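Lettered A, B, C, D and E in written order, each chain numbered from 1.
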Amino acid sequence: MTSATQGTRRSGPPLLETRDLVIKFGGVTAANNVSMQIEAGRNLAIIGPNGAGKTTFLNICTGWLKPQQGKVFLEGEDITTLPPRKIVQRGVARAFQIPQLFTEHTALENLLISAAARDGMRNPLQSLHRIRQRDEMMHLLDLVNCADVADRTVVELSEGQRKLIDIAVALALKPRLLLMDEPTSGVASSQKHEVMEILVGALAEAGVTSVFVEHDMGIVARHADEVAVWNAGNVQLRGTPDEILEHPDVIRDVIGEEVA
Amino acid sequence: KPETLKIGMTTFLTGPASVFGVPARDAMDIFVANLNAEGGINGVPIEVTYIDEGAGAEALTSEFRRVAQSGGAEIMLASISSGNCQTIAPLAEDLQVPNLMWDCGTQRIFEENEYDYVFRTQGNATSEMLAAVAYLLKTNPDFKTIAVVNQDYAWGRDSWDIFHTALEVMKPDVEVVGEFFPKFGSPDFSTEISRLQALRPDVILSTSWGGDLDTFVQQSFQRGLMNTSTFVLPLAESSLERLGPSLPAGHIVGARGDHYFLHPERRDDADFQSFMEQYKEATGDIPVYSVFHASQAFAAMQAAYEKAIADNGVDWPSEEQLLAAFEGLEFQGLGRPLYLREDNQGVESQLMGTSAQTGDYPFATLENIMIFDGDGLLPPIGETSIEWIKGLDASFVDTLQVETYDN
Amino acid sequence: MLDTSQRSAPKLSDKAGGLRSTRSLLTLAGVLLLAAVPLIAPSMQLLINLALAKGLAVLGVTILLRAGQVSFGHALFFGVSAYVGAFLMASMPQADLILVLIAGVAGAAISGLLVGLFVVRYRGIFFGMLNLAFSMIFWSILEKFYHITGGADGIRLARPTVLGMALERPEFEAVLFYLSLVLMVGLGWFTLRWFASPVGQIFQTIKTNETRLEYLGLSPKRVLLSGYLLSAALCGVGGSLMAMTQGVVTPEYVWWVRSAEMVFIAVLGGAGSVRGAFIGALIYEIVRVYASAFAGDIWQLLLGSFLLIIILFAPGGIMGIADSVMNRRSKSQPTNLGEDAQ
Amino acid sequence: MNLTIFLLALFDGISYAALVFIVALGLTLIFGVMRILNIAHGSLYAIGAYATVSLTGFFLALGFSPIFAFPLMIISAVLVGMLLGGPIEWLLLRRIYDKPEVLQLLVTFAVFMILEDAQRLVWGTQPYFQASALQALGNITLFGVTYTVYQLILLPLVAIGLLFGLRFFLRRTVIGKLILATTEDREAAQSIGIDADRVFLFTFIVGAVLAGLGGALASPTTSILPGMGADMIVLSFAVVATAGLGQIEGAAVAALLIGLGRSFAVYVWPEVAVLVPYLIMVLVLLIRPQGLFGSPVARKI
Amino acid sequence: MLEFRNVTASIGIIEILRNLNFRVDAAETLALIGRNGAGKTTLLRTIMGFTKVSGEVLFEGKPLTPLVPAKRPGLGIGYSPEDRRLFSAFTVEENILLPADAARLGAVETQRRLDKVYDVLPELKEMADRPAGNVSGGQGKMVALARALMIGTKLVMLDEPFQGLAPALALRYADALRALRDADRSITLIITESNPALLRGFASRTLVIERGEVSDGSLSPERKQP
């Protein structure tokens, strides 16, 4: 896979940096002076109450929304005003809270298209199913536990299956940075850990930096190197999972008493 | 000698131009039935296949070809729309099937190309427009301003071109104050009428036909425009019955030839009267000019066969003999006699009149009718109409042969 | 999870393989049958030639349907190409058939690029109506500048030479017929391959999710434009062939009803199906000509009813019917997922 | 262009726009709610006109006063909606709501073809004209130009009435809300208890009535002849697209732009009059890609 | 209350659920669990009438199958779909009120129910006037839940209601739902949920769906007597 970020820590600009992001929707402030630095090679979990602005943050980082103030940098390059595709071309991929798939294509085709988009399309008359990345993509499907539905069209899949395939599609781009919005919500709890385990392993092996929004604290505790807590458009706290998950504010606002 | 003489006829059975196409077909059915009742042409009965021009150019060409080739038609009658004429004429020539252009107005056909198999059994736009100009100048010599409201397609444009060119040389002091080309099939002329009311031209020309003409005249009538300007409507003969009382007295009406159900020279003839009755019985309407054009094509066909049979002393003519018979053929439909010129162009007289509400009919009839001889209204062979007209002058009107009738 | 799909997947593709070969055989038979038309049914030759020309244009519309976009103005490219041919013949009476074709297609492609750059920003009804608007603007130009374009009468198109030879009508028509046939097979094959290729597949994702497309690093507009160009060029091929077959071009070539008709045929054949485009065009033209020949003034009614029946009872179009007939025959084992799981 | 001419063009534009709006309104409604571009709308328009002419002719022949033409217009429109609109939705469209939109479009195209011939079979090919309603209201003269009261005053009033009536109905009434919900998500609407089938049937009938009413109101001003529907439908399409999806205020503004554009073109530059609807559409969409009143589709991701 | 007799449900030509036989008693709280793609959502959609069914689904002893989907909410069935399906043309509160409008409940009854819903989901009150199209993923789930409670007087079906909710909130809702059920013994709940922790001590019975078939989950140890 990619080699760009093999070295985990380098001096120089952080992989992704935001400075003082502000965005308001009418009366709602979804980002309020958000400044974040995301170092290469780490898994960052973002947690926070509903409506705190987590998805909005991913939207801004990938160019879907333009902040009213502030800037986004990718390895020092200002990408604030770039459209999503330009940012994706720079090695950022994203999986969505609500899966974004080509619903009339099969699961495998979704991945093959992703691979074709990644590597460029050389022979215009070669069948998509024959491209050389096919095995690689089957492997990816396997990784997210969906190999058995490879030939099913997406409309025929259940919500959980779609979420997993959505992640695989993002992964197929071989990004340097992978942003995932609640990757395990909708995935049956019996599969959650298994899938995350394999996924995180694969990401580490490929040296992919990941940021994932998550509501399942079990997952956060197990798979995040670092946790950021969002609240009302702000980064309230940041630290290791242990620190954060014990923090009384977090327990009160996010985790809830009982499970803790 | 064939068992039946098969002919094919293209006509509009659908679409807006079916106002002409359907009456022509109804008339054709009557002509054929009448002739077959008398035993047909030299004992051969006639059978017509109709092709709908409204079905589009592909269907038309395919059908034309099918009828002409595998359908075994010996002679074709095509067509109404000038676009279709342009398509069919070379096709007929290539297929080597004699084709009578029975209702095709564009003067370009024989001016731009030569044909051996294509004949026109009527006049053309040039003769029709020149007759209108001549009638206008004779009856209304003092007008100063004119405006035109024509349909925005080839006929509307071409006919104005001819009319305008003629006016420029025959009455150079006339000012054109407005030129409107609303789109074909326009449902509303209110804006044009408002504009015309503000402009107040002495004369308003419209060569429109069918629903467009009806709507334009009706709306003009409702809004009083017809009281202030004289309308020149070279195709209004085909709308008389429908317009009813909305076409008041004093406006100029033409008929694309000498076509009028009260044709002053023909109305007392027995064949004319009996056809009018038959037609009325079959359709409930009075015939419009396309019926006359159909009668001319039918007459030309019959005359050609009879002439070829007589000339050659055969039972049934070969194709060459038939074609030879068309040279200079003379024939007569429901109007005056016609003949074919050397360039295969028919020479047709032109009837113009002024509307009058006499009370004899629930619609306007014509008075002060003039029938112009067709000879003077066509350019000499080899000359294009516009060039020829540019060389004319004010004295042209006086050179025309014309008969005048009160009604 | 239903693991049935895994088991049935190879079966499905076996069956697809079987279907594919039946289909290729039938296609081959169909092409051969068409190739024999001038010999066995010469009176059908012109009709079929016109239908093939139209089928190529319909193929252009079909391409856009695959991206979920319906254009009500593709007759524009059909007409541009036809008029380019007519003007070329008028200024260069000795021009060759191949030259006319190439010039026409180039004209269509260039106008496709110009219009495309603008319309690819829009989707759905806006896309459809803007295409209509451009075709109607062109139509009005053809009608207005009648000194140049011949207005509604159009322009006659003399017979071009064929590889330098001047041919009489019958020979020329034979050449055109087989040329159309070859183009149908060649371009049809190309389009099939293109659909299956990564580029073509990406083009088809416009229909379902542009957000994901953007997040794959691709520009939906550019992707749509590429297909738009191809579709315009195909319409151009059809237009050139039609113009040379008819020997005359008129503004009717560009009239919106003709665009609508193309969409209609595309769906009749089976929306998005390459073979369907041609089969649809053939059936449409034949039904239309015979309906208008034998039912004079109610042909539209018959054609409309025929289409209604197809849409209601076989929404997959004629190709859908063909497929289900073949399916039924090749249904040796049940492929229903549910049954498998038992 | 002096002030008088300007005003004249304005009057003409408004009265034309009123008619276009009334016809386009039904189309916009159906499109907005059902996402079906109803090509048969043109035929319903034409049949509304034919029906009015026939009914009026019949009753006037019985000796009724011309003022009866007005109720007959409404009767014709309702007949068109009930007898044609209802069955089209009920028998044809309902069966294919789960199919691609383009199929629904084509069903209406097929119906259009059938109705075009049906009209000719019933009413023949000759144009009809029946202007009693228009004559009953008389003329007024402004700046030396005579207008019919019908076109200059009645049509715009009806158009404004329909605009506000329909707006109120959709925004302020419960049924209107349920219609809007169904528009957005048919299945979700059903799962909260909205009878989507009834909503669609009702909408289609109302749309068809409006088409018929357009024809009925147009009938005294124009010749009724085969093919009149085809022209109207393209114009209405342009209005719908310019307006923005299903936006009735947008339809009003678009109709007005097109009406005024056309009448000013006739005064200033008659050559482009035919092109006006298309030029306006292109211009509007260039500036506002979602149409005049449409809002950009916000995709939630 | 609700009974499945030999029900086989299919989408298109594909059978998704096969041969289901089970019953749900009044005032039960049934948890449906199963892996992704097992058929949980399909089961709920079958009760709503969105699949093709053979066999019989009885609701309060009467067959449901002849009723079109739109008639079913009128029986007191509320449904919160997994993918939210809010009407973005309306505000949050209008979305919640729509089922009441469709059932023509009348102003008083509507207000009564709305108050009750806000008691359960107080967070929604402050977003009442925001357009439903703009709320966040979790907020959308809350609105869908509220909408189901509005009309579901007898049966409330929640498809992964806590999906995407922050745990603190999810816990509170679980409590609130439990309170609601305890307060009104006429309500039957069917919940699909992938986090069993949230349903612990709440569901009276668990039904496991696997490959479109219901296994013996009814004997689940978590079963509690009502």
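Assume a residue touches a chain if its C-beta (ideal position, glycine included) is under 8 Å from a C-beta of that chain, and two chains touch if they have at least 3 such contacts.
Please read all numbers here as calculations on a predicted model, not as lab measurements.
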Among the chains here, which has the CA centroid at the largest distance from chain D's centroid? A
Pair joined by the larger number of C-beta contacts - A-D, A-C: A-C
So, what's the distance in Å between the C-alpha centres of chain B and chain A? 76
Chain centre separation in whole Å, for chain E relative to chain A (CA means): 30
Taking the mean of the C-alpha atoms as each chain's centre, how many Å separate chain D from chain E? 43
Of all residues in chain E, the ones touching two or more other chains: 14, 35-38, 134
Pull out every residue in chain A that's touching 2 or more other chains. 55, 96-98, 100, 149, 161
Residues within chain B bordering two or more other chains: 14, 18, 22, 152
List of chain A residues in touch with chain D within their complex: 55, 59, 64, 96-98, 100
Would you tell me which residues of chain B are touching chain C in their complex? 13-14, 18, 22, 49-52, 55-59, 61-63, 65-66, 69-70, 81-83, 85-87, 90-91, 94-95, 106, 108, 113, 152-155, 157-158
Which part of chain B faces chain D closely enough to touch in the complex? 14-16, 18-19, 21-22, 152, 179-183, 185-188, 190-192, 194-195, 197-198, 210-212, 214-215, 218-219, 222-225, 242-244, 246, 285
Touch list for chain C against partner chain D, complex: 65, 70, 72, 118, 121-122, 124-126, 128-130, 132-134, 136-137, 140, 143-144, 211, 256-257, 260, 263-264, 267-268, 271, 297-301, 303-305, 307-308, 311-312, 315
Touching residues (chain side chain E, partner chain A) in the complex: 11, 14, 33-38, 41, 82-83, 123, 127, 130, 134-139, 142, 160, 163-172, 194-197
